[in-house]
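Both complexes below contain chain A, partnered by chain B and then by chain C.
== the complex of A and B ==
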């Protein structure tokens, strides 16, 4: 199992509030994700070009994010627009942060992993009604998690996008996989279907199931495959 | 001296819990600086007389002496919070607050030690304290994840309690010892709420801007 250039979820949409930033990783590359005052989400390299500070530590004001160190402000395109120490400077366009293409679908924030691709293909996932459950961070290699989960789910993604339909005690749990780092994988989980039905007890049960899945995965991915195999032959 | 005094070290996360509550309550108090690093003044004869464990925080009020952040929080809330907002009276909520206070004083202790090891030359098994810290943070994040399902904004009940005060410093300061907030999204959102508590004060390691 290998992961190529493509779309990967990095957060649940409702987990990133308007006017907030957060750090995450994709293939161990640090990303800053943030949501501007207009509700638009952004995914950038997590590095202020000035002193290398993580931008995710910074703060969002309106449609800009500012670095925590010296307050350099960046617009939604990643261009530096204001340097507090030089308030009269018309900042040249060459000062900017590397940006990733991102979009939101199924209640998840998706990032196209290859910045070299100028116009990435559209994310081949349609809109659906969902209830967000949680992001689950697992201390396991992404490929091992993928292999273990493949044994108990079907991939309903298309065109290279992985979107697993997990059987969570009889309920369908849509799960996107984020290859976070060498030994860390994030799973972003949502319940498809009528939100009126899936809020409340159903969502609590799904979250509890997810915590159990994390225990199993961390205890040994082989066990999962075995359990799934047993499960499949059971009546 | 009958007035309330906090024997304090500015970088100590346990002292920070007490400063947070005192600020939220708007309590007047005297801050007595203790040279913890590098002086180890908390182990001096004078301070061992106040706390045989040789640890901060300690409060004194007249002849009354109390040590241990969680005990101090309960004392202060009982005495200076007339509305009893910080320490609920409902038995179920009070029980839950106490459960998290015990967690803050026990299960989060490895996080305090990891930070003291990184910043103040305290001896610690790095791998052990890091692992134990992450385990504790994960329990907190799982809890707040599910609290948010029911529109819960705080660890217990509908308003901030001593639980939020006692749990905040360890996770808010964990970047000091190399643990990112990335994998605790529900705690990241909760920490932003804690910062909105009227009177909130920072500590080196927690930025004023956010």
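== the complex of A and C ==
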């Protein structure tokens, strides 16, 4: 199968704290994700237009992120607003970072993969109560992971949304698939339902199950089918 | 402070490549730019805008694209301008 333009999860929301930045990839494109002081998340190309330094190494200061290298500061629209070496310069809007549309649903940060689309379709996922479980990084091709998981799940996303509902030993485990790179896939997992019930032991059991799933995926898709048939419990 | 500067680059140029580079950098820095003399070893560019951005433009062009070599560059003229009412000598970019 192939992945088209659409919404892809790139992190669990609780993994990106206010005032922090992090690097990730989508189809091998390097992204900087960061959360401003107001709690709003942003996803940009991970490259300062000045000298190419990764912005994910930068510092969040209020509603701006500053490049680690020369301190150029960018506002939430990606426009450069301050250059320390030229403090009096009124920086033109043409100096800016390439930005992606992003939003948060189901406890995940979602990015629309095609920057050329000015108005991406709404992410068709409504608010639900969830408990974040974990993110997993699997050394497998995204298409192979998708194919292996599709055999034991139902796709509850819609066109352009890669969201699966996995049967994790009888529990529904919502899993967003991030095509990280050519041979790497990230899975972002949450438990839907009452947080009061799913925190603690239930969440730990789901996380352990997910760890076993990763081993199976990396060992080969045949074992996935076998595992699905026997409902093997991960150690 | 707005300025108008004429920059002259000497070197070995693939002309279209260098001019594409000039256009891109001028757009990125929101500068008004125009092309003067163009030969395979000398390219003259006039630009108008903020002083600091003119400096950045000159530095970027002194590096140039990978298929051109800039051996020397200089400003032959700089005048202060109160507005961006600059008209390129040989047509805008």
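Here is the rule we go by: the second predicted complex is superposed on the first by the 226 of 235 C-alpha atoms of A that agree within 3 Å, B and C clash if a C-alpha of one lies under 4 Å from a C-alpha of the other, contacts with A are read in each partner's own complex, and residues count from 1 in each chain.
To be clear about the criterion, a contact is a pair of C-beta atoms (placed from the backbone, for glycine too) under 8 Å apart; a residue touches a chain by one contact, two chains touch by 3 or more.
Being a predicted model, the structure only gives us computed values, none of them experimental.
A.B. asks: Have a look at where A:134 lands relative to chain B and chain C in the superposition and call it first, second, both or neither.
C.D. replies: The first partner, chain B, only.
A.B. asks: Report for A:5: first if it touches chain B alone, second if chain C alone, otherwise both or neither.
C.D. replies: A:5 contacts neither chain B nor chain C.
A.B. asks: Determine, under the contact definition given at the top, whether A:199 touches first (chain B), second (chain C), both, or neither.
C.D. replies: first
A.B. asks: For A:25 in the superposed arrangement: first (chain B), second (chain C), both or neither?
C.D. replies: first
A.B. asks: May I ask you to name which of chain B and chain C touches more residues of chain A?
C.D. replies: On the superposition, B touches more of the residues of chain A.
A.B. asks: Considering only touches as defined above, state whether A:183 meets chain B (first), chain C (second), both or neither.
C.D. replies: In the superposed model, A:183 contacts neither chain B nor chain C.
A.B. asks: Which holds for A:59: it touches chain B only (first), chain C only (second), both, or neither?
C.D. replies: In the superposition, A:59 contacts chain B only.
A.B. asks: Using the superposition on A, tell me which residues of chain A are in contact with chain B and, in the other complex, with chain C.
C.D. replies: Correct list for chain A: none, the interfaces share no residue.
A.B. asks: For the complex, give me every residue of chain C touching chain A.
C.D. replies: 27-30, 50, 52-53
A.B. asks: Residue numbers of chain B touching chain A in their complex, please.
C.D. replies: Per the touch definition, chain B meets chain A at residues 142, 145-146, 149, 180-183, 185-186, 188-189, 192, 207, 209-210.
A.B. asks: Which of the residues in chain A come into contact with chain B in the complex?
C.D. replies: 11-12, 15, 17, 20, 22-25, 57-59, 66, 68, 134-135, 137, 184, 186, 199-200, 203-204, 207, 211
A.B. asks: Enumerate the contact residues on chain A facing chain C in the complex.
C.D. replies: Chain A reaches chain C through residues 49, 83, 86, 89-90, 92-95.
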